[in-house]
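Chain naming follows the written order as A, B, C, D, E, F, G and H, and within any one chain the residues start at number 1.
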Amino acid sequence: MVSAQKGQVRVITGNAVGAYGAMLCRPEVVAAYPITPQSEIAELLSQFKADGVLDGEYVEVEGENSAMNVVLAASVAGARTFTATSSYGLVFMYDALQETSGFRAPVVMVNANRETPGIHAVSSGQQDLISARDTGWIQIIVENDQEILDQIIMAYRLAEDYDIQLPIMVNYDGFYLSYLAEAVEIPNIEDVDAFLAPLKQQPERQKLVPGVAIGCGTHGMEMGYVEARYKHCQALERVKGKVDEIDKAFGDYFGRYYGGQIEEYRTDDADIVILASGSATGTVRTVIDTKREQGIKVGLIKLRLFRPFPAERLIGVLKGKKAIGVIDRSLCFGWKYGPMCMELRALSPEIGPAPILSYIDGLANLDITVPHIGRVIDEVSAAAQGKPYQEVTWIPMEE
Amino acid sequence: MVIKHKNIFKTESAWSNADEKLLCLDTGSWRTERPVVDKEKCNYCGLCALYCPPQCMKDMGDHYEVDLAYCKGCGICATECPLKAITMVPEGEFADG
Amino acid sequence: MAARMLASAFVLEGKSVASFPMYGFERRGAPVVAFTRIDDKPIREKTQIYNPDCLIVIDPGLLTLPTLFTGLKPESAFILNTPKKLTEQPDKNLKIGGAVNATQIAVDEIGRDIPNTCLLGAFAAATGWVQLQSLLDCLPDYLSGDILERNLKSAERGYREVEVIKW
Amino acid sequence: MVEGTKKRNRVFDYFCEEDQFAGGVAWCAGCPLELTARFVPQVLGKNMVIVGTPGCAAPVLHGQNVGAWHKLAYMASVMTGVPSKATGLSRYYNRIGQDATVVCFTGDGCATDVGFQPLSGAAERREKIIYLAYDNEGYMNTGNQRSSATPLGAATTTTPVGKISRGKQTISKNMPLIMLMHRPSYMATATLSHLEDFAKKLKKAQEKVKEGFVYLHVFSPCPVGWRINSNMSIEVCRNAVRTNYFPLWEAEDGKPRLTLEVANPKPVVELTKLMRKFSHYKEEDMANLQKAVDERYALIKSLCDAYK
Amino acid sequence: MVEGTKKRNRVFDYFCEEDQFAGGVAWCAGCPLELTARFVPQVLGKNMVIVGTPGCAAPVLHGQNVGAWHKLAYMASVMTGVPSKATGLSRYYNRIGQDATVVCFTGDGCATDVGFQPLSGAAERREKIIYLAYDNEGYMNTGNQRSSATPLGAATTTTPVGKISRGKQTISKNMPLIMLMHRPSYMATATLSHLEDFAKKLKKAQEKVKEGFVYLHVFSPCPVGWRINSNMSIEVCRNAVRTNYFPLWEAEDGKPRLTLEVANPKPVVELTKLMRKFSHYKEEDMANLQKAVDERYALIKSLCDAYK
Amino acid sequence: MVSAQKGQVRVITGNAVGAYGAMLCRPEVVAAYPITPQSEIAELLSQFKADGVLDGEYVEVEGENSAMNVVLAASVAGARTFTATSSYGLVFMYDALQETSGFRAPVVMVNANRETPGIHAVSSGQQDLISARDTGWIQIIVENDQEILDQIIMAYRLAEDYDIQLPIMVNYDGFYLSYLAEAVEIPNIEDVDAFLAPLKQQPERQKLVPGVAIGCGTHGMEMGYVEARYKHCQALERVKGKVDEIDKAFGDYFGRYYGGQIEEYRTDDADIVILASGSATGTVRTVIDTKREQGIKVGLIKLRLFRPFPAERLIGVLKGKKAIGVIDRSLCFGWKYGPMCMELRALSPEIGPAPILSYIDGLANLDITVPHIGRVIDEVSAAAQGKPYQEVTWIPMEE
Amino acid sequence: MVIKHKNIFKTESAWSNADEKLLCLDTGSWRTERPVVDKEKCNYCGLCALYCPPQCMKDMGDHYEVDLAYCKGCGICATECPLKAITMVPEGEFADG
Amino acid sequence: MAARMLASAFVLEGKSVASFPMYGFERRGAPVVAFTRIDDKPIREKTQIYNPDCLIVIDPGLLTLPTLFTGLKPESAFILNTPKKLTEQPDKNLKIGGAVNATQIAVDEIGRDIPNTCLLGAFAAATGWVQLQSLLDCLPDYLSGDILERNLKSAERGYREVEVIKW
């Protein structure tokens, strides 16, 4: 296996890409419940199933809580599984999400980001993924349609790795990527098979087999409980390196690299760095190019891995920088800062004294526009020069 | 970090395993009364055994006898025996037996 | 969908594309806007387009929208579905205009009021930015059978029948 | 005595497996739940996979760290996920050709309340799973609170008898009939006094689950919560049947049929007097309960008659 | 023409209130849901408080920022919380003596699937709320996916017709009968072709809700998803009744009664031919659907007979 | 109103205290679902209702998700409401939790902390409250039975404050305080009435009234959504000061003060500070006294307010300290540190360069013992002297 | 922080308010056909009005007429009129009328 | 419950108390341990007690528990429900022993095997740490009617009939 064959290029939406990505990995049990902006995935997978293109079981559950339980159990029995949801659905399966990671079931889920039900809205935003940050899942955020597909394939390789055995949530900005049609290269399924083949050379994970006396989800009593949680946390620590490794392996085979935990853009010689994630990062890059022409040495960190938080790599890049701007598309209730900013601040002891500026933008379907990012860069740049700055800015409230 | 804890589970998550000896409680000690089977009256119908919640009546080939290690002393066997072949006797009476 | 077909045609010609719709809240009644970016380099922005090079209006009722032409780049193109003629320049930034009775053509050819493919044909003719053939080549990705045939015709007629004006 | 003259009860003939549990487990003395749990696998066999949940069954079904109280494959679940987990298991086992009988084993509280929605959903999808609800008419494991299965007027810790209130205000949810209206492949009611009836139904369940969803509703009094003398719990089951408080019936493909028609049903007081959860009952309360029982029996009877 | 010779339909006599909605709202042309939404408050009056949820009703029932499409008090809810929210409202209004008719207004998807558990719970508790489920046999607002109410064999976007599969594999959940078995204070089925019947039932609902839970199941075809010509949607309702696909009945205190007995029911194809969601049907599929319809009608009929 | 009359002293469990606390505030609609270790609250409130002691409605819901929906809606209609839950229950009402704060409904809830369902366990731990940190609720953690009662009373005064209008979760360590019987002074209901009376002098909050044309939970469209979220965040910021004010008012009236957002113990002259919360803080105090005798200048911050995070007060106390030890009874998945430690680290830029040591202890019913705390203090003290230290310690794993 | 945003809601959370003018869509523009009532045939039974989903048939005292501002052109009135007093006419025919 | 009654009695005497049980996982069968702290000052620790001053054993079967006496403070007390006599000192840290046939007394007085109140009486007598009267005074908080009367008797008999040994 040197490199994959060229796949077929099609102009399809992010949701369709999600369905293709899943199908290519040959999941054996799929369960999903429709919700805007994810429904197209459920529909397409149903169609694949009806057409025989998807050979797995497809369970048309009565709600998201059940969707997660179905795939969790199938996964514990040994199946490769897939599900997809968004916002209201994600929060309705919250107990099951916690169980899934606790059972160490390598479920792969796509989450099309949307605002959460606190205030009723049918619009984009990353609040849902933030709401699930304490579930013990791996959370990855992607930027564009191709990355959705590639990341789903990488997700299986990561989730089912014997050293990991954890569920993964692949996040993309709903409404934006969900409905965004781009030209996407769909690899040949044999190449996907080949890429996932190393999983078969690993020791078998524990599986629930009838007639064989084992029980999953035993009561963890005192130190048993602590041990299981400890292992869970250790596995999350291992995820970081694995994400980088798998990204490398994927790139070597398919020719597309994403940087693993984080993707850097012009950070090497940068004085200031913008931290952002998801579909907005493309615009950030464009503005960076413009600002570079104006002499501002600015770079971007695209946060791909949000759980576990890529502390070490972030420190590696950010240590010694002069100022940092973080753009959050969600809120961290009870803190002034956005959630990614709040968490980044927790690395301050290691990063050093650079000012960290928090920006809240792009809630509720609002765009994070070129002028917005221009403003962010200018302000962060001024802060780097020791000028006074505003710690937190809700960009739309100031317009 | 000096982990002194010796792993309890072989697996990553918490799995129980019945290949080893099963967990077991000393439920015999719960008893305050003990069923005593009258072999003579017993016609080996097995109803006492069938109805016994912990299924602790032992098949003796021609009658049943209770396994005192587990019998909780509920008295169902005595109540259900169609021949009244079982009597519940206070444990105190067996104190040093 | 029309936006995606257009995007596909550009892909056939080796361009990068990104296309997406913004729904109003309710699915029915509120106008739907779709954006398509086309570039020689990979496209990085995934936002709405605030400064388009071209505007295609499927529903002539929208002409009354006060913000319709806001943000148009200078020298841009404008394709309109209308039974009437485009006489005066609706906005000073427009350079090319294309008027076509796409509804009529669609009703004729497809049997229903689905003017989208016809407008794509008109777009190709008016702007010259994409080949008609590329458009026709990518339709089978989205449609099939009889409907495909009828749409191919509709697109071709749009290409032929559009009235192009340069301002 | 001579062997030949002794004849063991026919119920033994239904057993295909030994008891799968440890001798000493934490169920209360005289609890029919213990009998149910030990009985079912003896009839269904070792290829059972149980999905269980918090409730009185859990302290025995769940392991503790690596230790287990029984030898069956088992998956623990939150109360909201039992039939959905069973769905995932059964779909996968069926797909890979693995022989398995997937059984949800929960209390009435899980089945009728906090876990009802996925149960209804799995029934609608005709999943190939057996859902067995043992009905002790309340949340026993958390201390005898009311569930939807708690009968009219019963005293529980959340429907207490007090100065201005006397037990549960509403009739119990008619779970067997609600499930019948889901038209499962097979369903039945059963209880521990009628073991042969129960065994037959289990065997039928194991057959019919190959076609689709199976629901079993097992009346399982709680000696501790209901305050029954521990030796009387089987008698309570029997009297529940004899009073038509808990009729025994089954339905294949939606067609109900009484499996035991009680010739001269006793008044329901014959049941209630065996326990103290109704001890605050006045005559009027008893009349209300009798009325609820009669109505409910008439309903199932007329349905059975319609399908005769 | 002379006034006297003209006589307006009796249905007008049931109206006590004007239409509470804006003239132009976002429901599709010809949608019976719009008719339902506008009809109900005209009969029940302004003291309605609606609890609603995502679904085709929401774009009109929910406001948009400070703007509203109607003049009724309204509470928005996630799909999992509708009857529970109604419970909270009704308990409090009753307590403070506030006159109010609390109405849950949801689609079949919410009622039979993701919001079924709290509905069942509220029914068991006999909450003083009216739950109205408009049944368009699928998740329409998200794009015509299957729900538990989708009938056997119907094509939806999640039960598509494909190379190896032909529509939904299971019969629809028999929601009206499942709710009957909850023994609500009052329940009824209704549809938009039979407006007087519907109005009467609404009035009865408003009376009986003072005693306890009320469930209304309103057959409400979706012209867009079912692919019905927009002018034919009332005719579809009518044919659903005439074919016994959707029998009209009601039940006070658990006693069902047909409110319209169809003399010579038409074959179900008379209904299905009006739409394209069954257009892939082969003869055999039609026979299966007819069988399901017949069985279901026989069941409700025999129940009604039993209570005659 | 100068000060309250002496109440009745009774030896009762924390759960019973919870029920009394609620009852004294005269909730009009109560809904609860039993779960270990909270069930006693549901039972006692039922008994109060059956005896006519509690005049409100009591709704015996079929699950926690419904419990929250019932009280949410009643609250929106204008009722004073109460509910109680724990762990599995809390995570099963996750969507409703988010709605409740989004609706700005001043619901008061007691949460008896317990481990979450990731791994099945019936044991104490604060993972549940951490799992709910992104719901937009106010979260307060108390230490002992008396504080449960007092805090519930204060919670109503806070939640229903016109400037706040937010739901509050009063947390206490399940199994520990749930079942711990202590002598508790139960105030007279008239005094509670008097303490809550100022709420009546405020403007009326918006209420859903039939016949009046208003709709709650409208779709927040774009800036409408952003505005509502912004107000929510601002209200959370205001909570901090209010908590301190109300604590003062409560203390002035009832004679018991708790310090508001945080309670300090011997921090004034301390070189090093331990941050902990809940029932473990008493033991910390005891050990501090011992260590002080040995010459170690150590103090305690008891974190009472977790959401909003009391950033300003923490900075005020911790700025310039030489080292800080944080004891977490829960995990922050995806981070090495415990959650309170991770969040405290986000204040590093303001607190300064003091080493922050993270300790994980007391999971799954395990005690946080005197020797454990002794060890923590010794290590933090060594770190303060510039000795090398271990950043994160799972105490039970090292025993 | 310079908040330029002017509050939309008077309340803390998002409440709609129907005291003001209701939101309203121009649903009349959806129409491709228009119902035309034949006054002479109409017997004022009101069925068209009752069945009309947007309830946009206006009571004219002795007959009904459609409110073109809202009529979506579904054609139900025409189909349901027992006297066939309503005809659906393509909007095109009214183009400049 | 017994632990709480004891705590209440101390409260009557002006002490601070804190008492809590640790359940094993299953409610039935596994031993339940309850801890009670008593102090003149407010009690701050809410943990298990590792070094108790007194041990009350309700179920004599537990005597076989190898860790039963682990952590006892020197000079501590030991109250045992037993039909037998306490002869030898079970642990070197014990100073006072009290043996009472509480099960028998309970069965006599209360009619069921609930030896708790009897053991509390025995505790008062053996240790002298609390007055019998305080104990009796607080029982009405927990019990009422006939059951209360019977328990009062049982406690009194415990107080009177306990056999106290000093080692």
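Keep this in mind: a residue touches a chain if its C-beta (ideal position, glycine included) is under 8 Å from a C-beta of that chain, and two chains touch if they have at least 3 such contacts.
All of these numbers come straight from a predicted model, not from anything done at the bench.
Using the average of C-alpha coordinates as each chain's centre, H ends up farthest from subunit A.
Greatest Cα centroid separation from subunit C: this falls to H.
Across the two interfaces under comparison, E-F and A-E, the one joined by more C-beta contacts turns out to be E-F. Centroids of subunit D and subunit E (each the mean of its C-alpha atoms) stand 33 Å apart. Separating the centre of subunit D from that of subunit G, both taken as means of CA atoms, is a distance of 56 Å. Between the CA-based centres of subunit A and subunit D the separation comes to 44 Å, rounded to the whole angstrom. Residue numbers of subunit C whose C-beta contacts span two or more other chains: 25, 28-30.
The multi-chain contact residues of subunit E, meaning those touching 2 or more other chains, are 24, 26-28, 62-68, 71-72, 74, 76, 78, 80, 112-114, 116-117, 120-121, 124-125, 148. Residue positions of subunit F with contacts to 2 or more other chains are 60, 62-63, 88, 92, 95, 99, 102-103, 117, 119-120, 122, 213-221, 223-228, 230, 232, 365, 394, 396-397.
Taken in their complex, subunit H has these residues touching subunit F: 3-4, 7-8, 11, 16-23, 25, 43-48, 50, 138, 141. Subunit F contributes residues 102-104, 165, 205-206, 213-220, 223-228, 230-232, 235 to its touches with subunit G in the complex.
Residues 46-49, 51, 61-68, 71-78, 80-81, 83-89, 91-93, 95-96, 98-101, 117-118, 120-121, 124-125 of subunit E touch subunit F in their complex.
The touching residues of subunit E, counted against subunit D in their complex, run 112-114, 116-117, 120-121, 124-126, 148, 169-174, 177-178, 180-183, 254, 295, 298-299, 302-303, 305-306.
Touching subunit F in their complex are the following residues of subunit D: 54, 62, 76, 78-80, 112-114, 116, 139, 142-143, 145-146, 148, 157-165.
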